[in-house]
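Shared chain: subunit A. Partners: subunit B in the first complex, subunit C in the second.
Up next, the complex of A and B:
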């Protein structure tokens, strides 16, 4: 098995090179075109089109009794378009909604395809074996002549996207505005449909009719986690599609009896889950880390401010305090308090004094800054937003953790460099605090 | 220009920028608007008012050629829309697009230039300068690189307006630009309207808030399945016309036309 794997990636077998490059091209073209379906909120149409291709493939074989890729591809494209217009007609001219129209076309065309496939099995034609592979995909069945034609079709569909990128994006975002500019919207929609049909029918060889929807949608669903820019997302779709294509081809080589479609779904869903968890900004892990960091910051800053407030009452800023004293002023879980003390010790904000703790210079400055933010905001709300003084505390509790020096300056300037908060307490100055005396 | 007679003459000299002749529109074979006639002189701000389902948006889309008309003629500057397409800018309702689409503000506004670009030409420095200027006009220059998914309702509306401005059109057709926006945006839009009018542009808006019609608009089109009144706000925006627009359901008319269409 390992030997076979190494043999595959040595690429010495010319057939492997063909299958691999074919799979990569087909994978990227379905990935890219699928993203347009995704952004137009018509994801499932790809699934319906893939099923609609089946009777086309079978009819072409029955009529011409050949596996020539041109004939098969032609048949698939024709029946895909028939299916597409069928859906379009039902949506526009009957009371049937799009989801039902998709289901009708999908099942009807698939049923016809299966009838034909069964009929073909009984025919006495040499070439018929392997035709059923199209149901679940079989990358290893690709031969050089297939790959050349499928590859050209894949490049064609990608070229359409590159050439008409601006218009296709405009129509995807805002169809009516495009129309109002005099852009020939139906033409571009047909062009896009053509490119989608093309990448669906060529993808059938390796992904299969039944699981085609995954090849169209997983790449964009994963790509969306990594970027906010459409060109970037499209590149990622191509990359993810290519990876899944390559992986499917490899597996198909190792286990020729196994259909490749399911493997492709497994590969793509792996990419999707990795994206969902580890993508920066949107990924679940990063989000979790960010929330934890913010929560810790809130705890630490609250603790510092509590130290400051207690010290302020005692008029001595280097007083040593017991954790219990902190808890008597601020409602905080003992566990959270313990962890917070540990972090503040580590950062040199507080220091240990036997069983007590006291603020360091650094800690005092930080505590003063947070207190200043808190009281400035309370004053801002009472003075500017006309909120009663007894109701501003809760908002300031949150705002004190997110203010920046720049915002602080603006608030302070707008309030005319105030010295007292609405409760009559002193707003600490922004100058650093050295040894109890302002510099 | 203080002489009222002179002012009247100046008013008459103004050319008609939009003329609608017996326009009728259907939706799924049901009549939505019947036999609408009006014309609008240059430089006006025009409100289209009427109850829900009266056909206000339909009228706007019909004039813009976005949905097929059953009969009638619409002409801009005396010509068919096809010839004057780029002189007319359309601002759709905000809900019509998916604001989660991955694109930034600048690129959306740049789309206003697409009508002038031939198929394979890329937007040049001039187009970019026009976009920057349009963003400044609506006070959104700081948001140029922001994702549209991160905008508030008012900001979304400003982006739509900037996109229309980037078109450098002469007539602006807008579908409820004031719907769901904050006060600051509402004021900014009105300031923009005045600037546009000073530059001789014409603005036509579907508008919901009847209270602000006399302040914001100098013309009004009152619609309820047909045109109730069209003219200067102070002349047509009367209690009588409002009553006709909002209460005067002509039940019989609707019923008979529906029968007619089922029959035909």
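Up next, the complex of A and C:
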């Protein structure tokens, strides 16, 4: 096994080079074209189109009795288009819903294909064996002449994307805007459909009818986690598609009796899973960390402000307080409170006094800042938005955590450096304490 | 009973049970979830067989229900937590689970009694040979009893839950407002679909289950005005497709299940073109100018 693996990557066998380059090219073209379906929210149409190709392949074989790639490709393209227009007709002109239309075409065309396949198997035609490999794909079965034709078709579909990139992007992301600009939308849609059909049809050889949807869908779903810009996502799609193509070619070489499609899907799932969890910004892990950090910050700031408010009532800012006192003023889970106290102790915002806690100088400054934000915002809402004073508290609870010093200055200037909030309490000054004395 | 009658009985029962739940799936706009489930129950089948080593009906049903629910759950999970479009998450979940199942089958060929090709289009012609015994007597094909069980279960499910199913099929928010637990009904329906799929699986394979779930139901959808008539009509269309499909296959000497699905499609196109209110024929009639005498 290991020897075969090394042998494969030494690329000494010319056939390996052909299969590998073909697989990489096909993988990247399906990945790129699939992303256009994804962004038009029609991901599953790829599944229907792949199934719709089957009767074309079989009919072409019955009619011409040859495995010539041109004939097979032609048949597949024709039946793909018939399937596509049938879906389109049903959605536009009958009350059949889109998902039903997809499922009808998918199952009906596939049934016709299987019917023909089983019919062929009982006929007496030479060269009929291996026709069923198209169901699950078989990369190793590619020969040089196949690879050249498939490669040209893959390049053609990629060229269409590159040449008409601007138009295709427009009609994909905002169809109505494209229409209003006077772009010939039906023409470019047809062109895009042609490119998609082409890449679906040529991908069948490696990925198989049944799992073609995955080859179209996984690269873009994974790429979407990494970036927000279309060119970047398309590059990633090409890369992921190429990786999966190479992996399936490799597996097909190691275990020729294995279908390649499923292995390609497993490779792609791995890429997808990694992207979903670990991608920066949109990945699940990073999103989880970000929400946790925000929640902790909110808890800490709430706690500091509660300390401040209690101390303010006692007119002594370095009073030691018990956690129960905090809970009597602010509704907070005991667990959240304990963790928050631990974090504030670590950051030197509060200090321990036997079983009690009191604000440090640093903590007092921070607490003053948040209280100032809170009360400034309350005042701003009552003065400028005419909201009754008893209703501004909840909004201020949220805004106090997101205000910046810059915004604070502008609000303060706008209100003429106020000193009292709508409830008659003092708005703390923005100057920090130093050594217990306001500077 | 003769071989031919058994096959016809199995095909009809399969058509009936698929059409019953299929009508509900189509009304809920979940045809593609039916497609996804019909692929993923294979994994349930394979795993159940690998773990227990038995092919008893209970084990298979358990595996199918479990994997069916996992599919629906994972789809929702990707949709909500992964922030992925609904149809993209369906595509990702079912291709992945199906690929895993196919790999397991091809790695353990010989140990698992399922053929790669047959899982796609089944082999109903051999179903009558796979019989089961009851009290030492041969009582007929396994597939027949399984499908009979599921057809009855589906019938009971729909009769008992008719009002609930109707409410969530047409207006899920109204159903929620009326105090129905929409999620429970949803998962119950998914369970029934998984059961139907797995019992039809061995006879007709994955894709043709989708055909029988979706095509008769949509044919009925074209011409019916109430959910009741839609369910009845889809069952009738499914039976018609099963019987005519069988004879087509015998005539052409090809796969029976593929022929049944083709006949279902043929009936669909017939109704679409000639009988439905928005058919081509009706529109041509209407576009004719009114002639004054």
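We take it that the second predicted complex is superposed on the first by the 403 of 439 C-alpha atoms of A that agree within 3 Å, B and C clash if a C-alpha of one lies under 4 Å from a C-alpha of the other, contacts with A are read in each partner's own complex, and residues count from 1 in each chain.
The rule is simple: contacts are C-beta pairs under 8 Å (C-beta built on N, C-alpha and C of every residue); 3 or more make two chains touch, one makes a residue touch a chain.
All of these numbers come straight from a predicted model, not from anything done at the bench.
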{"item": "First, second, both or neither for A:213, with subunit B first and subunit C second", "value": "second"}
{"item": "Subunit B versus subunit C as contact partner of A:41, first or second or both or neither", "value": "both"}
{"item": "Which superposed partner A:94 touches (first subunit B, second subunit C, both, neither)", "value": "second"}
{"item": "Partner chain(s) touched by A:22 [first = subunit B, second = subunit C, both, neither]", "value": "neither"}
{"item": "First (subunit B), second (subunit C), both or neither touched by A:363", "value": "neither"}
{"item": "Which superposed partner A:233 touches (first subunit B, second subunit C, both, neither)", "value": "first"}
{"item": "Touched partner set for A:179, first subunit B, second subunit C, both or neither", "value": "first"}
{"item": "Residues of subunit A that lie at the interface with subunit B and also at the interface with subunit C", "value": "41, 224"}
{"item": "Footprint of subunit C on subunit A - complex, ascending", "value": "38, 41-44, 46-47, 51, 90, 93-97, 99-100, 102-104, 106-108, 110-112, 114-119, 122, 132, 135-136, 210-211, 213-214, 217-218, 221, 224, 257-259, 261-263, 265-266, 269, 272, 276, 282, 284"}
{"item": "Contact set on subunit C toward subunit A in their complex", "value": "26, 29-32, 34-35, 39, 81-85, 87-88, 90-92, 95-96, 98-100, 102-103, 106, 116-117, 120-121, 207-208, 210-211, 213-215, 218, 221-222, 249, 252-255, 257-259, 261-262, 264-265, 268, 272, 276, 278-279"}
{"item": "Of all residues in subunit A, those that touch subunit B in their complex", "value": "39, 41, 163, 166-167, 169-170, 172-174, 176-183, 224, 227-230, 233"}
{"item": "Subunit B to subunit A touching residues, read off their complex", "value": "61, 64-66, 82, 85-86, 88-90, 92, 96-98, 101-104, 108, 111, 114-115, 119-120, 147, 149, 163, 167"}
